[in-house]
Structures are given as C-alpha cells and as structure tokens.
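So, here's a batch of structures to check.
Same chain, two partners: chain A is paired with chain B first, then with chain C.
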Partner chain A sequence: MTVASAPSRLEARARNLLPWLLLAVLALLPSAGLTANITRLLFVTFVWVTTSLGWNLLGGFAGQVSFGFAVFYGLGAYTAALLIDRGVNPYLSFVFAGVIPAVASIFIGLPTFRLRGPYFAIATIGVSEATRVIMNNLAITGGASGYRIMEQRPFRQVEHYYTALGMAALAVAVSFLIQHSKFGMGLRAIKQDEAAAADLGVNPYAYKLAIHAVAAALTGIAGGVLARYAAFINPQGVFAFQTSVYILLMPVIGGIGTVWGAVLGGVVFGVVEEQLVANFPQIHLLLYGALLILIILLEPDGLAGLLGKLYRRLRTPKRTDGSTHSGSRETDEVLRRAGSG
Partner chain B sequence: MPEQHIYGFIGPNGAGKTTLFSMVAGSLQPSAGRIRSHGKDVTGSRPFSLVKAGIARTHQIVCPFRAMTVLENVQVASHFGRKNITRTAAAREHAMQVLTRLGLDRLADTLAANISLGDQKRLELARALATDPELLLCDEICGGLSPTETRSMLDLLRRIRQQGTTIMYVEHDVKAIMAVCDRVMVLNYGQKLAEGKPQEIQNDPSVIEAYLGKAGSEKKGSRVA
Partner chain C sequence: MTLVDFLNLLIAALLLAGIYAVMSVGMTVIYGVMKIVNLAHAGFMMMGAYFAYELYERLHVDPILAALLAFPFFFLVGIAIHWLLVRWLPHSDRPTLQSLLLMFGLWLVLQNIGYLVWGNTDRSILTPRTLSVIEMGPITISSLRLVVFVAAVGCMAVLEIALSRTWFGRSVRALIQNRYAGRIVGVDDEKTARLTFGMGIAFAGVAGALLATLYSFDPDFGRPFLLRAFVIIVLGGLESVSGVALGALILALVETFSILFLPAAYQPAISFALLVVVLVVLPGGIASLWAKRRRLA
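And now, the complex of A and B:
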C-alpha cells in the first residue's frame, strides 16, 4: 500500500486534471479550424452527452429506469422554440427549457414513483406516449406538422457549438457534485435497497422526485439547445418513443451509474449513430441493436467498465488472482457482479 | 418502555416479535392501537421520519448495501440519521468512529458483500447506531452467530446501553436474552404472556408451558432453538 501511494496520488491528480484538459481542448478546437460538418457533429454529440448524463442521474445514480425522457427533451425543445420565436433571449429561453420539464417531472413522478422497478418503467412509457399524442394535436405548437423557429439573430454555428459545450460541461459538473454529496449517497442507498435506505433516515420518495427534476432540467435544456440549432421541431422527432430509448441506451452502452460512462455513451452514440445512419440507412437500427446486445452480454458495466478493466490489466500485469485493491467504485461493482454470478 | 434499559422480547416462532418491531420502526402499520414515543403519537410515521425522531432498527435478515464499502454503509446512516450531517468528510469521520467502536474499522474499505455474516450483523448494528438513536430495535442480531460471536455481540449491547441508548431486543436464543436484559416480555400468538425481570420470567409456569408444552415443565429455562 505504502509503495503504491505515491503514484496513486499522482494518478488522482491526473484524474482531477483530465476534465479541465478535455474542456480546454474542446474550447480551443473551433479556432484551430473545424469544418462545418465536424462542428455540427460535435454539437449534436454535446447534446446527446447532456441527455445521457441527465438520464444517468435518475437511472444510474438512483436506479430508476425511465423510458420517458423524451417528454423532458421535447418539452424543453418546445419551450425554447416558443420563447425564441417570440423574441426572448435564447439563453433565457434555455433556462425555461430546464424549468418547465423539471416542473413536469414532479407531476409525472408523484404517481409513477409509487411504483417500483419494471412497473415504474412501464408507467413512464405510457406517460411518454400520451405526451406525444397530445403534442401531435396541440394547435399552438402546430400539432403534428411541427414548429418552425424564426430567430431574429444571424445564425453563427460556433455560438451553438460553445452553448452546447458549456451545457455538457454543466451536466458533468452537476453529476460530479451530486455523486460526491450527501444527496448522492442517499441515491446510491435507494438504488441498492429502498427499504434499508428508509430505515437509515433516507426519504426515498422525496429523493427520487428531486433527482428526477434535476435530470429533467438537464434533458430539457438539451432539447432547447437542439431546437434552436435545428430551427424546426416536430412531435414525431423530439417526443418519439425512439428518442426515449436513445436517451436510455447511451448511459447503458457507456457504463451505467458512472459519470464518464454516461459521457462516453453519449460520444459513442453521437458518432456511431451518425455513421450508421449515413452508411446503412436501411439497417442502422438493426446494427445498433446488435451492438447493444453485444455490450450488455459481454460487459454489463459498459464501455467505461471495459476500459477500466483494460487499464487495470495494463497496470498490474503479474497479478491475475483478481484480489488487487481497487480504488474506484465502478470496479467494486464489477467485482461484486463477478462474485455473485 | 423504561429508558436506558435492554428490554427483551421472546416467544415461540410466529409469536409476533418481528411484527411488533416492524410496527414500532414504521415498516408496518398497526391495524389497531397506538405507538407513542416520549408521549408523542408516532403511529403510522414512515421509517425515515422515525429515524429522525430517534428510533432505529436492525434487521433479522441483514440487508447491507452490498455494492458499498462497510464505511459507506455507515456513512449513509451518519448523513441521514438524527445528527443529519451534511458534509461528506464529517459523515465519514463520524462513521469511522462508529466502526471503531464496533471493531469493524479494519473492514472499512471492504465491500459489504464480501464480509462474513457475523460482520454483516455488526454492520447492521453499526448503521443503526450511526443514526444516533434513543431507542434501538435489535432483531435477532445473534441469530446464526457462533457462541463467541454471540458473547461479544451481547457485550456490545451492554456498552450501548451504558452510553444511554434504550434497546428493544428480540432474540430466539433465550439464554442470550436472559443474559443481557433488564426486563423481558414473553409473547405468544400476538398476546403478552408474561413480563418482568429475567429471573421472574424463567420461573413463570405459563411461559414454560408455551415453550415446552405441559410435559416439559420441569426443564426450566432451558435453551429453545
């Protein structure tokens, strides 16, 4: 232990520095000259990363699997669209794009959090579909024919890029703050055993409602930022069940319950999805499903879990008994699963 | 309930010991009757608010957060118990103190899933204690333990009482109950059969009958497993 402490401290410092380095590189990228297409790809990836992190707060931290995040994404998109179209400052509109879905999440959560596990998941599908049908028929948003946003300012792609980057950075920061707080400890307890958590003083219902609201706010802002960029949204797009599934799949692919896993999932989804759609327009969903099945079968901790394993194997080449000490929680989860099944 | 006592509850299988506990701890709602704490009616309160009111429990079947370390398990209780510690560093420190008191500090960084049953039982107790309870409900904390482990667990209970906590203690092992309790209540089919000091209970004919049947009345106070 004592021998390993010096390099591990260095390692911890490197780990703390990494997010800032990444942010700096991404912030400098546009001045290095990016094509419009790459900028767009990165923009979309930041949006997906934010939704992935949002879902991960509820699904990964608190263990509540929701199929209803398209509701928040869509509500955020429409809130921003309606406000920007009426001349409200876009950044102020994004604030509302976070607030409205957060309020909606409370109303959705009040009845659905009475349900546990799969029943909660099923209920969220119902809410999601009901919202889509309503939006399809709502007159002030143009119903099924969608909504076109007329912004009174010139379109500058790089502004959108920085907006999305800032939003994704905010989502990462919020995730880390929650993870290392009392709030996060309560959520982890709820995820593992709700009754036991309650016996230690955690109020599971209130905590689930609270994290649902934070997750909804992040997802809604992402929807709003995308809507402003796309300048056109429709219910079949933002409120689609497929959107809910996409938002759920990203953290699952990347590594559920970990911040970097959710980020990685968003990045992989943003890039892979794009390539799959471009190269295999007919079967891109099939390929995507196959990729997902492979990941779930071979590495339940997602890509982050896989990378963690590789990293540890490289670091400790001689130890094969698996008893090496591990500092990270994700590792502990892996070991636990390996031990129990 | 007299304060700073260890109050034992015994009775045959299905006598209603665990049910009584669950009602006091808020996991089950009584169909009749009230539960009062310091003269305040707490009937129907949820477990998490009872914890804040100073009532904590351990479980007969241990339920640690298996993917958390032993320290983190207790840290949750430090955060959300009566002390309501917000800062994580302070909660960890408080949790570590509790672990040291219970001799679990050497396992602080081990996953709760990977420790022995005896240690998991201690962890149950550690978590309940870390909520800083006035009333501690211990449900079969010696069940499944070896005689040595049982002895050290009972010592722990005595020390907890000395520090001013009242304990309600359910156990199948009559010897264990008799060894630590100040008062004992015997339950059978949900009814109070007898109540008093351990020595009085041991000689109560109705108690002996409930446990051993009429024929076994001579074997006073023998262990019933």
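And now, the complex of A and C:
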C-alpha cells in the first residue's frame, strides 16, 4: 500500500505545483523577449480561456447550457469602453465590466431559470438576439457603426498581456474555489438531478442565479479587457450570436465540467482561431461543428478526457508487467463490447 | 387605424401564421416522439431555401413545386441523419443536453457548408408572382403569400390526417403520450422515431423552401425563425399539432400588429419578449389553459 501511495502522493504534489509553474512561466515570458505577434496570440488566448472558464461555471458545473454569453461579453466590452473613454482608470473600468453583466445576468436569469435544460438553452438564444437588436439601435453604443475607444495613456502591449494573464489566473482560481466548495457541490447536485438536489436542501433557482452572476462577471471582464486592447468594438461583433457559439464551444470541446478542460478548450480555440479564422472562417466553424458532433457521440469528456485516457494508457505498463496488462486490455475490450451490444 | 388597415393587417397575420405553423410543426413532432430539441432545424430550413433556389435557378422549377419536392428529399436526408448520428444518442424520456449539443453541432456543420457552397451574399427567388397582388376593393393581398399559405395549410392537413388516420400516426401519438407504455403494447419505437425524424426534417425543408419565396436568405437564414418556432411551440404547449397552429397564429398576430406601436428595427426582439411573458405567466403554454379545464371536467 505504501509503495503504491508514495508515487501518487508525489503526483498529487506535482499536480498542485503545476498551475503555479505554468503561471510563473507565462509571467516570465515577456522578459524573455516575445514578438508582438506571439504576445497578441497569448493575449487573445487568455481572453478566450477566461470566457471558457466563465461559461464552464454555469454550463459545466451546474449543467445549464447557455447560448447567451455574448450578452455578458458585449456588456463588459461596452462598459469598459464607455468608462475608459471618459477617463476612468482602466482597471476600475474592468471592475464595472464585471459588475454590470453580473447585474444583467440576474435579470436574464429570473425568467429563464424557470426553464430546465434545453428550454433554458433556447431561451438564451432569444436573450442574445434581443440584446443584439437593442444594442444595435441604441445611441450610446454608437449603434451599428461601432464605438472607438480613446484612451489617454500610451499603448503598451506588455501591460495588456499581464492584465489578461492576471484575469485568466483569476478565472482559474475562482473555478477551483467554487469546484471545491459546498456551493460547487450543490451545483453538481443540480446538474445531476435538480429535483433531488432540491430535496436535499439546495435551492436550485438561487444557486443557478448566483453562478450565472459569477460566470457573467468573468465573461464581462474578458470582454472589457479585449475591448481596451482592440480600441474598437461594434454590436455586430461583441454581441454576435457567433461570439456566444465560440464561448460555448471552447469548454464543451475541451472537456465540459472540468477546470483544465475549459482551459484547454480556450487554448486550442485561441491558437487554432488565429491560424484558421482569418483565412478560412467557414472551415473553422465547420471543423468545430464536426468536432462537437464527434465529442458528443464518442468522448463526452472532451479533449481533456481524451488526453487523460492517453496518459493512463501510457502509464499503465510501468505498474504491471506485460502479461497482466495485455490481459486487462482484453478484459476492457470485452467489457466495452458487452456495454455497447 | 381605419377598419381597412385593420383588415389588411389581420389578413397579413393570418397568411404569416400558415408558414409559421409549418416551420414549427417539424420541431414539435421530433420533440414529442424523441424528446430532442432539434436546433439543426434552422440548418435544414436554410438548406430547404437553397434547395428551392437551385431548382429554380438551374431547372426553372416553380418555387412552390420545389417546396413540395423538398418534402421527399429532406425526408430521406432526415432518415440518413438519424441513421448516421441520432440513433447513437442514449434514449431518454426527458430532453438531454447531449442531444441538444449534437443537433447544435449539426447546425454549425450545415450552416458552414452553406457558406462554403453559396458564400455569404443574400439570395432571393424572384418570380413574376413575387410582386403581384390581388385587389379586392381597398384590401390587397399578396398573391404569393396566399399561395404559400395554401401550401402550408395543405401540409398541415396532410400531417393531421397522417397522425389521426394511419398506423404510423397512431404509433407517433402513442410514443408522444408515453414511450414505455407504447413499447409495451407493441409500438416499434425505433422505426417510428426514424420516420418521425425524417418527417420533422422534411417539414423543415418545406418551410425553408416556402420562406425562401418570401424573404431573401443567406446561410444564416434559419436562426431568427428557429427562435420563432420555439416561441410557437412553447405557446402551443410543446406536443400537439393544433397547439402549434394556435401558437403560430398568436405569434403572427403579435408580430404583425406590433408594427403599429414599435419601430420595425426592434421587431426581432418581439418573439423573445413574448417568450418571457408566456414563461412567466403560463409555463405550460396556452394549451394548459383548457387542458386543466378538461381534466376537471
């Protein structure tokens, strides 16, 4: 027993250290000299990772699939844009870019959380459409022609890089804190069976509203950080249905319900998007649609689940000798066939 | 508002309701039998629009005839999609997120195939009939909308007969009521589900082709209509054909008459507002009103 548990304890310690190591590497990268292009790629990836983690809080932890996260992203972007333009400190603006979407999420959640599962999902398509239409016609957003942000400070890319890195780290930390809390357990109970969770003393309505607000705040901050970098936003961009689709696809493809799955989804999306979307926007979404179908049918735990399986398969031979390993693989095969048959 | 204006709007709403019913009923039957919320409905509506467009542009087939041809074509497409993807989903008597996301993935694929093949320019089908009107004194009716309405009502009538008179229809109704009880009394649920899926997709194709004669379209065509279809289904109480017809009528009336007091730019938000109102006031849909009364009687 002690022989078996020693490496696993070591492994657990390594697993706890890994995020800090990753953060340290990412924090030191700019001083190692990054090209402007790579910095931008990492910046965009951090923004996507944050939205992916935000969506995962509601969709992955609580099981409420939303097609409406562009609303929060867009509200965050416009809040930051309007405040920065009026000379407010950008970091204070980001706080408001989190607060305003969180407040909006309550108003959206109050009627839509009366619905369960897919009905909630479709209602959020409606929220997203209605918001885009309204934003397109409001004078304060610059309407359909968009909004240019005039910041009084000079543009420093490294500052944006660290802002986005800090934001992504915050999102990871919030996700882990919620995952390991009583609140997170309540959310998981709601995901599995809402009626049973209610019987056990969890108030599904209040829990969902609360996690919706946290998810909206993270997504809104991401929108604000991106808006400051981009210096130009328009309603068809930030409030687009496609933005909601992106935000949903990342955690689902990466691995719904797990923190690292959501991160992985954001990273893959950010990097692939940079390479593909500029040249072949349609192929980009076509691939994601096909990937989504494959993942739903074959590997519901997403890319993270797939990597986990590969990792376990690579690791198994170290523990057992060859004969039992092949034996267990045959057993696996038989079990799998029995299960599918 | 004069009486003539009122009558014109009322007729416009009625004609709109016909096409709204056809586009919603496909989603309803699939939901009723399989408990799948078919987000790909929008994608198949878009494909139906291009189906009519291609037939008209290349072979000069009348768009209304093309819409009728869309039925068998998309029926087969639906059967193929069911065989390829849908039948692998775990069965459930409640809608699952897995099925929702699968259909969403399918929608993304269809939509972007649309972009690859036809690009993102707006297309429209223009026939001599497009702009002609029938005038009856001060009241004018677009003859094309009238034809579309007749085709739509015809589709609904055929569906109603199929559901009430045939063995297949009886199986469908049994599965809508209770899937397990249906299996116990010998309904072949796999086969019925396959045919239902084909039929639902076929109605999406027909609706798309009919809508293409009225509106311009691009590969993102189905999305606003998907939301409307959902509002109609919720209004109608989710599982009945007559409920769908009623829901379609209500949405069409609200949308048409809202022009009187709301800028046209805000019109797409109406269906959502209506959805919220219904969900807050009547979570079971309009049909729950008389369903309750019937249960009491």
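Just so it is clear, the second predicted complex is superposed on the first by the 302 of 341 C-alpha atoms of A that agree within 3 Å, B and C clash if a C-alpha of one lies under 4 Å from a C-alpha of the other, contacts with A are read in each partner's own complex, and residues count from 1 in each chain.
As a convention for this text, a residue touches a chain if its C-beta (ideal position, glycine included) is under 8 Å from a C-beta of that chain, and two chains touch if they have at least 3 such contacts.
Since we're looking at a predicted model, the values are computed, not measured.
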Report for A:Asn16: first if it touches chain B alone, second if chain C alone, otherwise both or neither.
neither
Tell me the contact category for A:Val252 with respect to chain B and chain C: first, second, both or neither.
second
On the A-aligned overlay, A:Ile296 touches which partner chain: chain B = first, chain C = second, or both, or neither?
second
Considering only the touch criterion stated at the top, classify A:Gln152 as touching first (chain B), second (chain C), both, or neither.
neither
Superposed model, chain A: greater residue contact from chain B or chain C
C
Which of chain B and chain C A:Asn137 touches, first, second, both or neither:
second
Does the superposition put A:Thr35 against chain B (first), chain C (second), both, or neither?
neither
Please work out whether A:His180 is in contact with chain B alone, chain C alone, both, or neither, and reply first, second, both or neither.
first
Within the complex, chain C is touched by chain A residues 63, 65, 111-112, 114-115, 117-119, 121-123, 125-127, 129-130, 133-134, 136-137, 241, 245, 252, 281-283, 285-286, 288-293, 296-297, 300
In their shared complex, chain B is touched by residues of chain A numbered 180-182, 185-186, 188-189, 192-193, 195-204, 329, 332-333, 335-336, 339-340
Sites on chain C touched by chain A in the complex
37, 39, 85, 88-89, 94-102, 104-109, 111-113, 115-116, 223-224, 226-227, 230-231, 234, 263, 265-266, 268-269, 271-273, 275-276, 279-280, 283
Which stretch or stretches of chain B touch chain A in the complex?
25, 27, 46-49, 51-52, 56-57, 59, 63-69, 72, 75-77, 79-82, 85-88, 91, 111, 113-114, 127-128, 130-131
